[in-house]
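Please find the structures below.
Look for subunit A in each of the two complexes below; its partner is subunit B in the first and subunit C in the second.
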Partner chain A sequence: MKQGYTLIFALAWRNLWRNPRRTIVILFAIVLGAWAMIVMAAYSRGMSQQVFNNAIDNLLGHIQIHAPGYLEDPVIDRVLDTQQPALKTALLAPEIQHTAARVRVPAVVASERDSQGVTLLGIDPAAEADMSFIRKSVTLGKYFEGNQDGGIILGKKLVERLETSLGRRVVLMTQNSQNKIADRGFRIVGIFDTMIDAQETSYAFITLGTAQQMLDLGTNVSEIAVKLSHADHTDKILGGLRAGLPGLDVKPWYTLDALTKLFQDTWEGSAFVWYLIVFLAMGFGIVNTILMAVFERTREFGLFQALGLKPNFILLQVWLESLLLLTTGLAIGNLVSWLTVLATGDGIDVSAFSQGMEMVKLSKIIPFVLTTDDLVVANAVVLILGLLTCLYPAWRAARLVPAHAITRV
Partner chain B sequence: MDTTLRLAWRNLWRNPRRTLLTMCAIGFGAVLLIFSIGLQLGQYDMMIGSNVRIYQGLLQIQRDGYRADPKMRTSIPDILNLAQKVRLGTGFQQVSARANGFALVSSAKRTYATAVIGVEAANEPRVSTLPGLVKQGHYLSSNHANEVVIGAALAKNLQVSLGDELTLLGAARDGAVAAAVLPITGIFESGNADLDRSMVQIPIETFQETFGMEGHGHSVVIFEEDFKKVTQYQQRIEQALGPHPGLVVLTWDQLQPGLKEMIDLDYSAGWFMYVVLVAIITFSILNTFLMSVLERTREFGIMLALGYKPFNIGRLVMLEALILTLFALMIGIALGVAVNTYFYYHGLTFEGMEEMAKLYNLPAYIKPQMSIKAVLSGPALILIFTLLAALYPAMRIRLLSPVEAMRKI
Partner chain C sequence: MTAVVSCTNIKKIYKQGTIDVVALAGVDLTVEQGDFVCLSGPSGSGKTTLLNIIGGLDMPSAGEISVAGNMLHTMSKAQLAEMRLQHVGFVFQAYNLIPVLTAQENVEMVMQMQGVSKRERGRRARQVLKEVGLEGMENRKPPELSGGQQQRVAVARAIVSNPKLVLADEPTANLDSKTAENLIDLMRHMNSEHGVTFVISTHDPRVMLHAKRNLKMEDGRLV
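Showing the complex of A and B:
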């Protein structure tokens, strides 16, 4: 029996190449289809990951802790004390990689020439370094040296708008905890450049220590951002933190930034729809080709049956031919896609659309990201649906009546 | 010609199953393309429409350089007269002047930094839907009234309600302090918290007085219903202005290049997918065309021997492909238009769309665009590709020699 299988396998492979031109044409369709699926998946995945990473880095973190009511009304009154023991214990979970406490309030920054509304962030320089984009984005001047550093870091675009420059002074105004306007002069010690205008114009960074002192906050902060070793732990840690901190508002990234979550979900859904559409487009061609191959061998199949081969054997053989066709196409398709991804290197440059990309929080280069999951799904769709559709020609072949089949020319 | 046509038609139905399957592939492709292109264009219309309608306007007259670097000093003298000149010169009725500033807005308890917009009380509702979204109180009553209209989210953050007074504190055009105390007469609610928090509107003459504008303003906003004629409108406005050194007339896409680029990028990605899809379909049907020619080698040999020119036989083969494609496309277009018409009247919505819609100020469903471009560009692409595919088998006929061809089975 085992020998029988080797035989039909060899037979199927040879049958496939009886009409090389036809096989090559349909292989082209399959390769192109597989390539389109995988490359589009890599592009979407790259985009979706980039949006996610950018969002997490953009001061979001995986989880944030606030005083109740802060999110709807982000003012200085709604603060939490970093020194409470419950908080310290809750943040000890091993999955928690980094935590950063921040003062985050609306403020106005003014130069001699102009003023702008910003979000003032008082950050702990050491903790924030691994938490968000700010440390690695300072391109001019320097990042804060210690928690009492009295300087301010502004975005490149904001500095341009304010017509000021590194080393010059700006005045920061905000409401302090007594509902009075607190203002103070700061020297610009660093300028950050993220290539995203909205980010560059909306934040002003000072150190946490300075902010707490300026706003009479003591050890209070507005938020604590938590970064986990992997985003998959979010729900688990979220549960733990909520149980441990009943008086505080603990929110995951996907609630804080629903849009990013929505982008991810939409991309995943649309990738699968795309697979199905591509498959449908090639499905017609595959069925037609195999059907043709079956009908021109009507005599041969009739002869096989007359010689005593079971219809199931014929079904299996035709099916095996389709399997070989599909796997060959997929193998080449995967290889070509892999080469395409390799050839694009860091990704494709979409800087021609840079302002459009900003609107959806993307950078100017989109990397292609091939994941095993995407590869498996794309290949599985083609293989499973392909084999299912090829049951039709295989079944037609097996149903031929020997006497009629042989007499047909 | 008549004989060739009949011959082609009959040839098609010699193998009805194959012809039908091929037609299915083409028809399916046409329906799919009509649906996706219609939806894509419909989505763009919606994005542009709501962006233009809510606040921005279809066109704006600004000082050159204001868009890139919006400074208070980059202003236009005698803005109200300019708006009137545009109204009279072009016949457009939906024209309104604005002045933009920035201030710290304080209530008894809170202070926020927001944009302050001076608007023409009577004309603003014609160019923007925001005044119509005033849910409490009423919109501004005249150009010099002591009134302010604010968004619901800002009202909540400032902890104020209708009738409360707001203090505006900012920098005037000449750098002096600008201050005003105004009662809230209306609260608008657009559903987008960011937009509702981003600005307060006051009457334009009140604005000019407060900010020391001396009749200056920053933009004249023009709205017209037919977005596609935007460049014509632009020319008309420029003619009405006469020589206008230092002023520019900007269209919606120049005002918001990000939106335009996002649409362009999405459109290119869309076309990449469509072309790949049509290419896959083409490869699928190339086999059918090829088979139908190869299996008739003998017949063509006889025709050649009878004196038919290879060119005529090639034409016959092309005609077969053309008839098949046109027939399938006609059915595809009918089905595609039917599907799009259904969604045009019922609207298409999907999970998560409502959240997205809220964030971007869009309606919660998409209407496919019903235009000749939307309906025919997909099928046209298919027609080009299939005819290219038919060209190869048709050209092969030239290689046949009558004697050898007739010997073939």
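Showing the complex of A and C:
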């Protein structure tokens, strides 16, 4: 039996190259289809991951803890005390990688020439360094040197709008915990550049110590952001925190940023639809090629049966031809896709569209991200659907009556 | 003597639209081991149909048929294929070789399906190709061989696994006279020296001349 399989494998491979031009044309179609699937998947995955990472880095974290009612009305008196023991205990889970306490209130920042509404963020420089985008995005000046640093860090776009510059002074105005106007002058010590205009114009950063002092908050903060070792732990840690902190409002990233969650879910669904569309175009070519090969070799299949090859072996032989065609095409397609992704380096520049793309937290450079899961799914779609499609010609070949097939011209 | 083939009242009726075409109208035939039978008769007399039914390539509409002890009319397609693999060799009018295989691979194919070891089937294939006069041409593919050479490869393939029965459908029809004579000698030699049973459908008087039994068919019957 083993020798029978060796025979049909040899026959399948040689038959594939019996009409080299036809085989090369259909191979080209499979390679192109696989390439389109994989490269598009890598681009979409890059977008999806960038959206997610940018969202998490955009002061979101995987989980946030607030005083009840803060999210509905983020005012200064809805704060939580960082010194409460229950909070400290709850944040000791090993999956929690970083935590950062923040003061987060609406404010107005004014230069000599202009003013703009912003979200004032009082951050702990050390804790925030690994938590959000801010530290790695300071491209001019410097990041805060300690929790009592008296400077302010603004976005590049905001600095342009305020017509000010590094080293100059701006005034921050907001409301303190006694509901009185609190204002103070700050020197711009750093300018951050994230390539996302909305981000650069929305935030003004001062240190947590300075903010608590300016707003008479003591050790209170507006929020605690939690970053996990992996996003998959979100629900587990969320449950633990909610159980340990019954008096506080604990929310996951996907509730706080529903748009990012929607984007992620939509991407998963649309990628599969894209695979099916590409396969449909490719599948007709494959089935046509195999069907033509079966028609051309009707007489040969009759002969095989006359010589004692069982119908199942005929089916297997045709199927094996399809398998060889598909695997050869996929192997080349995967290689070409990998080279394409490699050639794009850090990603492709989409700055021409970046204004619109900021809405979904995309940067000007979109990286191609090739994941094993996406590769497996794309290849599995082509292989499984391809083999299912080729069942028909294989079945036709197997059910030929040998006496009729052998006399077919 | 043992009967290799036993046909009882074999009928074959084809449907052509609404018309029934009778290809075999009740054939009784017994072929003994070591026989050399020639079936002759005009075109459409049912020779090829009878050969196809004896070889299990087609099923009779009625009647009973036994080949090498197997009741063909009761067997599935897979069982018929197995029966052919083990007991029947075929030689067709149009040489019917597998074009992507060499002469030796074509000859080895049946043995490969039977599970004969690589070394043994190589040895036997080379030996039979030598017997049919194709020594040195083992690695040629069918398009590189003449018609006569291709038919010899087909004969070699039919006899290499020592089948109980070889069915040949007008094997000399496409050959020149010298090649045809050689092929007839070869089949006679296989019959007399190796005891291979032949049932041959033919119009060729030279083949009939060498037959142990000549049977004539007309309108789907043996006359």
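FYI, the second predicted complex is superposed on the first by the 409 of 409 C-alpha atoms of A that agree within 3 Å, B and C clash if a C-alpha of one lies under 4 Å from a C-alpha of the other, contacts with A are read in each partner's own complex, and residues count from 1 in each chain.
Going forward, a contact is a pair of C-beta atoms (placed from the backbone, for glycine too) under 8 Å apart; a residue touches a chain by one contact, two chains touch by 3 or more.
As the structure is a computational prediction, the values presented were derived from the model and not from experiment.
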Touching partner for A:E72 - first (subunit B), second (subunit C), both, neither: first
Touched partner set for A:I348, first subunit B, second subunit C, both or neither: neither
First (subunit B), second (subunit C), both or neither touched by A:A380: neither
Touching partner for A:A86 - first (subunit B), second (subunit C), both, neither: neither
Subunit B versus subunit C, judged by how many residues of subunit A each one touches: B
Partner chain in contact with A:I277 - subunit B first, subunit C second, else both or neither: first
First, second, both or neither for A:D265, with subunit B first and subunit C second: first
First, second, both or neither for A:L309, with subunit B first and subunit C second: second
Which superposed partner A:L335 touches (first subunit B, second subunit C, both, neither): neither
Partner chain in contact with A:R14 - subunit B first, subunit C second, else both or neither: second
Intersection of subunit A interface sets (partners subunit B, subunit C): none
Subunit A partner contacts - residues on subunit B that touch it in the complex: 17-18, 21-22, 24-25, 28-29, 32, 69, 71-72, 102, 104, 109-114, 156-157, 170-171, 257-265, 269, 273, 276-277, 279-281, 283-288, 290-291, 295, 352, 355-356, 359
Contacting residues of subunit A [partner subunit B, same complex]: 21-22, 25-26, 28-29, 32-33, 36, 40, 43, 72-75, 106-108, 110, 114-118, 160-161, 173, 175, 179, 181, 258-259, 262, 265-266, 274, 277-278, 280-282, 284-289, 291-292, 296, 350, 352-360
Subunit A partner contacts - residues on subunit C that touch it in the complex: 49, 52, 55, 57-58, 77-78, 81-86, 88, 90, 92, 96, 98-101, 109-110, 112-116, 118, 157
Contact set on subunit A toward subunit C in their complex: 1-4, 6-7, 11, 14-15, 18, 299-300, 302-303, 305-312, 401-404, 406
